Structures are given as C-alpha cells and as structure tokens.
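Two complexes, one shared chain (chain A), two partners (chain B, chain C).
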Partner chain A sequence: MDDYVITVLSNIGMISFIALSAYLLLLTGEISFGQQAYFGLSAYAAGAATAMFQLPIWAGILVGACVAGIIAMVVGALTLQLSGLYFSVATLAFAEMARLILLIVEIQVEVDGEMVGPEGANGFHGIRWMFERDISLTEFMLLIYGLLALTVIFLLLVERSRLGSVLRMLGSDDLLAEMQGLNTVRYRILAVGAAGVIAGVGGALYAHFTTYVEPQFFNVMLGVHALAYGLIGGLGTAFGPLIGVAIDVGFLEAIRFIQGYRMIVFGGLVAILLIFMPRGILDEERVHRLKAVFSRRNHARA
Partner chain B sequence: MIDFVQNTVDGMMFGSSYALLAIGFTIIFGVMRRINLSFGATIMLGAYIGTWLHVHHQVSVWIVALTTLASTVLVGIYVERLCFHAIRRSAVLASMVSSFVIWMQLEEAAIHLLPERTYAFPALLAAGSFELGPFLFRAEQTSMLILAMIIVGVLHVLLYRTRFGLALRAVSENSLAAAYMGINAAWVTLCAFALVSLMGGVAGYAILSTDAQITPFFGLWATFKGLIAMMLGGMGSLPGAILGGLLLGVVEAHALWYLGNEYKDLSAYLLLFGMLVLRPGGLMGQRILSREALAFRRV
Partner chain C sequence: MLALRKVEKRFGALAALDRIDLEVAAGEVLGLIGPNGSGKTTLLNTVTGVYPPSGGRISFQGADITGWRGHRIARLGIARTFQNIRLFPTMTVFQNVWASQHSRVSGGLLGLLRSSPSRRCGDTGRVDEILELFGLLKDREVLAKNLPLPARRRLEVARALTTDPPLVFLDEPAGGMTPAETADMARLIHEVVAPNRTCVVIEHKMALITGVCTRICVLDFGRKIAEGLPGDVLADAKVREAYLGRDDAPDA
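Presenting the complex of A and B:
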C-alpha cells in the first residue's frame, strides 16, 4: 500500500474513535457538540507525556485517555440536570472554552537542547515518538486498528449486556428508567466518562500520527461531523458510526473528480438519506431484522 | 469610568446584531422544537447572491438589499422543505444533522459564487459618528440598535395581534391541538420559516453593511453568536433573545478591552457555560423543567 492510502485509512481509523464516542452518548439520548474537546485535550496530554516527559507510547495513550475521561466526568457532573439542546450547547461551550484555552497555553520544557511543548496558537510541535523509534506508517496503522477493534468489541459487549439495555433505556425515557430503581446519575456520568475515554484514545493516536497538533483542528466542525457519522451509519449498532466515517471520508475521496462541488453533492445526498432513514442506515429495526436472518440461518444449519 | 461606559455602549450596539440573530433562532425553536443549524449559512448565501449582483453587474445598493432579502427567504424555504418538513417531527436529531449538512452545502455554493476571501459589501447608509457628551457613537451601529427595536416591535404586533400570530403560537404550544382546531401546521411552519429568514436577511444586511465586507466565515459566526445569545436569554423568549444579545455584546466588549483579543470569545463561552450550569433557563426563560414537573405533565 502506498503512503497516501495508509494515511487515508489511518485517518478513517482515528476519526472513528470520536464517532464512536458521540455514538455512545447518542445511545443515552444526549447529543454532544463537544466530543472534540476530549479528542484535543487527550492529544495534548499524550503528546506532553511522550515528548516532554519521555514516557513510552502506551503510557501516553493511557495518560491522554485518563485526562479526557476525568474531565468528561467533571463536565458530565456539572451538566447533570441539562438535557436536549441545553446539554448540546453546554458541551459546545465547554469544547470551545477548552480550544480557546489551548490557544493561550504555553508550557515548554527543554529536551535534548530543543524547546518542546504547547506553544499557544502555534500548536504543539515535535511529538516525534514514531520517528525516534523508526515506526513505519503501516505499523502505526495496525496499532490504530488494533485499538479500534478493542473499542468496538468493548461497545458490542456493552450492548449485549444489561448495561447496554440500561443506557438505551436512559435514552428513550430516563424518567421511566429512574422509576425502575436505576441510579440514572451514576449511569449517565459513567457513559459520559467512557465516551471521553474513547475520544481520548483517538486523540492520543492522532497526536503521534501527525507529530503536531494545533487547537484549530479540534473545532466544532469535528464534533458535529462526529455526530453526523453516527446518524448516517445508523444508531442500531456500534458498526453504524464506522460505516458513517467510511462513507464520509471514503466517498469524499472517491468523488474527487468533481472537486469543489463535493459538499453540494454529498450534503444533498445525506439530507435525502435522512428523509428516508432518520436513524441512519443500520437503525435498530434493521439491525434486529439482520440478526433474525442470521440466527435463522444458523438454526437451519444445525 | 468613561472607558467602562463607552465599552458598555459599544457592546450594546454590537450586541443588537447578536440579538437580531437570536430572535430568528428563538422563533424557529419555538415553532418547531428543533434547531436549525443552517440559519447563518442561509443568510450568508442570500447576502452572497446580493453581493454577486453588485460585483458583476454593478446594480444599485437598493437592488442589492432587495436581492439579499428575497434570496434569503428562498434559501430558507429550501431548508425548511428539505430538513424539517420532509423529516417527521419526532426525529429531532435527523433534522439537526440534515440542517448541518445543508449548511456545508450552502457554504460551498456561496464560495462558488464569489471565490475570493473577502468582498466589499455595499451599505445603505454612509458611515459616520457623532458625540454625545464624552461618548462616541457610530451612526451605523446606532441605526442597527434602532432597527433591532423596530423589528422586535413589528414581531410583537405580528405574534400577539394577528390571526397568523395566534396560529403560530398555537402550533408552538401544541401542534396536535392546533391541528384539531383546523390550523394548517405545515403552512404556519413554512410561513414562520419564511418570516424568520426575511428577518435574518435584514439582520444579515445590517451587520454586513456595518462591517462593510463579507467573508466565508459569516455563516459560522452568525449561527454561533445567535445560538449563544438565545441560550443566554432563554430559549423561546423574545425579550430574552434581546437581553441575551446585548449581554453577550457587553461582555465581549469588556473582555476585549480589559483582557485582550484572545479572551473575547473565551469569556463569551465561559459566560454561556456558567449560565447553563447555574441557571439553565437563561435570563428570561422559565426555569428549566424539573423532573417533578415533567412527571406531572405526563400524568
């Protein structure tokens, strides 16, 4: 594979993390405009861990994911009583605050005679873990997809478990969920935190893949795209957001020949898709039917 | 002290443009219970069509203004048909994402129309300033504040003194009950959308002629300033939208003066986040429905 294809595939993989993160919150019925904040904060934290403090990459990813998860839980606790548009705008406000603060922060330390660290609007240069250790693009792509597979398996297991039903129940009617004796506060903070961790893993990988992060990348467009992926691909299964990312990145790459008119075509197609499938391609109903088809086939064979 | 007052005045002048944008959001949200992310882009495409005529055919300023308004209304109707009418009412998320992709579409269409980064935008009134005591007022900003007040007055009469206003309020209160009363909810919604787009066109024209230029960032800017001002004031409240807009303008003006440019937007978002955490209903909105109230409503 040439570098171009690997880069596109790696981008699909890394963006999938933030799509899955938004999807997890969509399951609980909350629309977040702010998952890009955790992606970005984790990218900075992970970059700081490996570039400024010389930690290995697994520690960097761990630090990034923890930072993102903890901050997400704090934001989740502050916004507990908000729902609907109020929650969406509060997450948007937080994400923009985080981005604007990163535009101001300048903390640099000297490593091997060079200054490394976040440098305000100039971004954070020199996260060179991959080059210092001679890791090829292909190897890093495998790391991305390995972690992505783990995340998807985790989400699929959650959906099969009681926790998954609880989360979907919060999504369809949290009052009813509370009347069933569920501790909705605990589940909601848990979901928000887990979504932060998932976005954080993506951000930590992103920082090391590009060797350079700047606050401008984590703007609200990234967050709204993340939401759109889940909705295009479908809210019935964790594969939905992945399909959404593949359609967006893949389709936009495929229709390069109409350069300049891509968003006009793509925007129109998605708008029409949403008229006929308001919960995406793989919505709950279709997933259910597919499962039924598969289990029938298995029975027939047995 | 004089600085403080002058900043407050400047902030309120600028805030009146935020207020105009917030009113558009508030009405759409009131009628549809859904959010239209492409509101800013709608105004932007309308203004781009007007500017295009001005750049390529040197038409007079009045024709630019009228084209801007007419095309904003047409684009608004396009958005309503595609993203709101065609999608069933309960699919809130689908409408929002749909209006987002249409935002991207409109923005690209506008950039195709005029591909350079900035264009001069023709103003109806000549720029100028006058002094009142120790304070300086810019004429075009003062006229924007007056314009905002006139629009709010007209809207108030329209909403509370006409049959159309009654129908609109009925639909926003309970669309099913309104339908039983023989109100054509789809038609009222379409009219509301056209009305809001018209108002957005007026607001957009006033803001752009104050800036004297138009850039492709206008759509994003208008959507977010309008959204923030609406949330600060309280969703669905007209006086709230105005107060929210003015508050946002004043806070930004002070942050800019005392802290510097990089803190201007930061202070706005901090204010919004704090407001949502401490007083989610905003300045004028009803206190956010508590869980008990929700439970009672269902019984």
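Presenting the complex of A and C:
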C-alpha cells in the first residue's frame, strides 16, 4: 500500500472514533454538536503526555481518554436538565469555548533543547513519538484499527447487553424509562462519559499520527460530520457510523473528479437520507430484520 | 396503601389538583372518573413522580414519597400505563416487557454488561407467562410499533405487571377500543390485574368502570366531588351534572 492509501485508511479509522462517540449519544436520544471538543482536548492532553513529559504512547492515549471522559461527565452533569435543542446548543457552546481556550493556551517546556507544547493559535507542534520510535505509517494504522476494533466490540457487547437496551430506552422515551424504575440521570452521565472517552481515544491517536494539532481542526464542522456519519450509516448498530465514515472519507475522497464538490455531494446525501431513511441505512428495523434472517438460517442449519 | 393528603398541583395560575385527599385501600379496584381536564392524569403523574406536587403529602405503604423522582417510586412498587400509549416502538413485544425488569436485576455496571436479553437474565419465564395471559405470546418477536391498537394497550398493561407491583394505575386502558375489545380488557383487568394487587383505573367508558371497580372517586376541576360505591356515586346528582351534563340522560 502506498502512503496515500494508508493515510486515507488511517483517517477513516481515527474519524470513526468521533463518529462512534456521537452515535452513542444519538442512541440515548441526545444530539451533541460538541463531540469534537473531546477529540481535541484529548489530542492536546495525549500530545502533552508523550511530547512534554516523555510518557509512552499507551499512557498518552489513557491520559487523553480520561481527560475527555471526565470533562464530558462534568459537562454532562451541567447540561443534564436540558433536552433536545437546548442540549445541542449547550454542547456546541461548550465545544467552541474549549476551542477558543486552546487558541490562547501557551504552555511550553524545554525538551532536548527545544521548546515543546501548545503554542496558542500556532497549535501544538512536535508530537514526534512516531518518529522517535521509528514507527511506520502501516504500524500506526494497525494500532488505530486495533483500538477501533476493541471499541466496536465493546459497543456491540453493550448493544447486546442490558445496558444497551437501557440506553435505547432512554433514547426512545426517557419519561417511560424513568417510570420503569431506571435512574435516567445516572445512565445519561454514564453515556456522555463513555462517549467522551471514545472520542478521546480518536483524538489521542490523531495527535500522534499528524505530529501536530491545532485548535482549528476541532471546529464545529468536525462535530457535525460526526453526527452525520451515524445518521447516514444507521443507528441500528455500531457498524452504521463506520459505514458513514467510509462513505464520506473513503468513497467521496477517492472519487477525484468531485473533489471541489465533495461537501455539496455529502450535504445532498445527508439531506436525501434524512428524508427517506431518517435513522440511516442500517436502522433498528433493518437490523432487526437482518438478525431474524440470520437466526432463521442458523436454525435451518442446526 | 396509598394516601394523598391535601395534594395540590398548580401549573401557573391553574390549580390542576386542588387539595385532594384520597385513600386507596389494599386490594380494591378504584375507578377514577371525571370530565376531560378534571385532573385525573395529573393526579396519576403526581403520584408516580413525573412531577412533584406543589403542596401536600403522598405516602405509599407507610413511606412518604412526596417529591421522589419517578424511578424510585417505580421501584417501590407503583406501576402505570399511559393514556396515549407509551411503548418502546423499535423494541419487540418481548423486549418491551422484559425491559421493565431492569430495575429489578442488580449487579452493578458489570452485571449490566454481562447479561443480555438473548440469554437468561431477569425472569424471562415470567415475561412469557405474562405475554401468554394477555394473548401476546404469538407476537413475541414483533416490533411494538407494528401491533394494532388493542394489542398495544394490552402490552402496556402486561408490562406494568411484570415486576409484580402492589399498586397499578391504568390510564384509560380501553381508550379507542370497540365495545368487544373493551369487554376483553375488562375481563383481563378482572381476572389478571386485580387479583392480589391494588388497582386504580382511569376511564371514561362506564361499561368498564362499573364492570371492574369496587369503588369510584370523581374529580371535577381538580377537586374531589364524590367518592363511594359505583351505584351510589353514579346516581349522585352532582356527579351526573359534572360528568354527564345537566339534565342529560346517562347514555353509557
């Protein structure tokens, strides 16, 4: 594989984390326009851990994911009383606030005679873990997909579990869920925390893949895309948002002649799907039918 | 079993419930009737913790539950249905009933992740038993939104019973049903819901109220205007005026 293909595949993998993050919240019925904040905050935190404090990459990813998860839970607790549009607006406002803070943060330390660290609007350069350890693009791509596979397996297990149906109950009708004896507040905080962690893992990987991060990358369009991926691919299974990312970053990126028109095609696609398949290609009903087909086939075989 | 003392609920200047005193005795089937907007559903919402009362106290089995959040009240053993039918539309019939057992299965976060609907978790046998009683077992794997209305009403009642709550509120269980379907619902309430538990039924259909209730309470403009045995209450002049209209022959 040439470097271009590896880069595209790696991008698909890293963006998938934020798509899964937004998807998890869509399951619980919340539309967040702010998941890019956790991606970005984690990218900074993870970059700081490896570049400024010389920690190994796993520690960097852990630090990033924890920072994102904790901040997400705090923001979640503060915005809990809000629902629908108000929640969406609050998440957007928080994300923009986080981005603007990153634009002015300047904390640099000297490492091997060079100043490293966030440098305000210039971004955070010199996250060179990959080069210092002589890690190839292919190896890093395998790391991305390994962690992505773990995340997807985790989400699939959650979907099969009682927690999965609890989250879908929240998303479907949270008053009804409360009336069934579920502490909806606690599960909502759990969900926003988990979504923060997932976005955080993606952000930590992104910082090390690109070797530098700048606040501009974590603007609201990243969050809007993250939402759109779930809505395109479908909200019936964790594979839905991955399909969404693959369609946008993979397919549309690959078709060179629509280069300048990519956002027009993408926007049109989202609009058409929202009209004809409001819960995406793999929505709950299609997933239910697919499962029925598979279980019938298994029964026939047995 | 359930006691309301001077319970008030105000929405702005409107007193939806005006100092209601109400006792529900263990084992009875209380019919809660009154014209539209008289506060029946508001009373149910206040008791089940959808919103807290603006004043007064509510106690259930000796515990003061005033102002508790809904999930705690549900766990204590008050189940309910909804006037406008609330189901999880994209879950199957089985999952809808099974889901109400969530609060009963403990085990913390790990327990939540380990157990799944396809494996043994919660009392799946009990779920099937209940579905059978309500004639829903054949639709076990159907998505709730694809059921016809009478079956959706039955599913709501079935769901309310899965955790064996001591007190069940049914909010218009025969709403939108034909006379034959209403008779079937009355039979289910009489044979399945009422035995071994206390039940409060909100309903407009007199056939159902007189068929299943042992006592009736009448609300009008947020106030309790009458209470007693079905025959006596329905003969009361004040009730006939409020509920059936002045000088109108009762037609139901």
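Keep this in mind: the second predicted complex is superposed on the first by the 297 of 302 C-alpha atoms of A that agree within 3 Å, B and C clash if a C-alpha of one lies under 4 Å from a C-alpha of the other, contacts with A are read in each partner's own complex, and residues count from 1 in each chain.
Please note the rule applied: a contact is a pair of C-beta atoms (placed from the backbone, for glycine too) under 8 Å apart; a residue touches a chain by one contact, two chains touch by 3 or more.
Not measured: the values here are computed from a predicted model.
Enquirer: Identify which of chain B and chain C touches the larger number of residues of chain A.
Expert: B
Enquirer: Now for A:Val224: first (chain B), second (chain C), both, or neither, which partner does it touch?
Expert: first
Enquirer: Looking at the overlay, does A:Gln180 come into contact with chain B only (first), chain C only (second), both, or neither?
Expert: The second partner, chain C, only.
Enquirer: Just checking: does A:Ile275 make contact with chain B only, chain C only, both, or neither of them? Give me first, second, both or neither.
Expert: In the superposition, A:Ile275 touches chain B alone.
Enquirer: In the superposed arrangement, which partner chain does A:Leu85 touch: chain B (first), chain C (second), both, or neither?
Expert: first
Enquirer: Who does A:Phe94 touch here: chain B (first), chain C (second), both, or neither?
Expert: A:Phe94 sits against chain B, while chain C stays out of touch.
Enquirer: By the touch definition at the top of the document, which applies to A:Ala292: first (chain B), second (chain C), both, or neither?
Expert: Second partner only.
Enquirer: If you stack the two complexes on chain A, which partner ends up touching A:Val166: first (chain B), second (chain C), both, or neither?
Expert: A:Val166: touches chain C, not chain B.
Enquirer: Touch test for A:Ile31: chain B only (first), chain C only (second), both, or neither?
Expert: In the superposition, A:Ile31 touches chain B alone.
Enquirer: Touch check for A:Tyr261: first (chain B), second (chain C), both, or neither?
Expert: Touch status of A:Tyr261: first partner only.
Enquirer: Considering only the contact definition stated at the top, list the common interface residues of chain A for chain B and chain C.
Expert: Common interface on chain A, chain B vs chain C: 175, 178.
Enquirer: In the complex formed with chain A, which residues of chain C make contact?
Expert: 48-50, 69-71, 74-75, 80, 82, 86-92, 95, 99-100, 102-105, 109, 111-118, 121, 141, 143, 163
Enquirer: Please give the residue numbers of chain B that touch chain A in the complex, ascending.
Expert: Contacts found on chain B: 29, 35, 37, 82-83, 86-88, 91-94, 96-98, 100-102, 104-105, 107-109, 112, 224, 227-228, 231, 235, 262-263, 265-266, 269-270, 272-273, 276-277, 280, 288, 291, 294-295, 298.
Enquirer: Quick one: in the complex, what on chain A touches chain B?
Expert: For this pair, the touching residues of chain A are 26, 31, 78-79, 81-82, 84-86, 89-90, 93-94, 96-97, 100-101, 103-104, 175, 178, 220, 224, 227-228, 231-232, 260-264, 266-268, 270-271, 274-275, 278-279.
Enquirer: Would you mind writing out the residues of chain A in touch with chain C in their complex?
Expert: Counting only chain A, the residues touching chain C are 157-158, 160-163, 165-166, 168-169, 172-173, 175-176, 178-184, 284-285, 288, 292.
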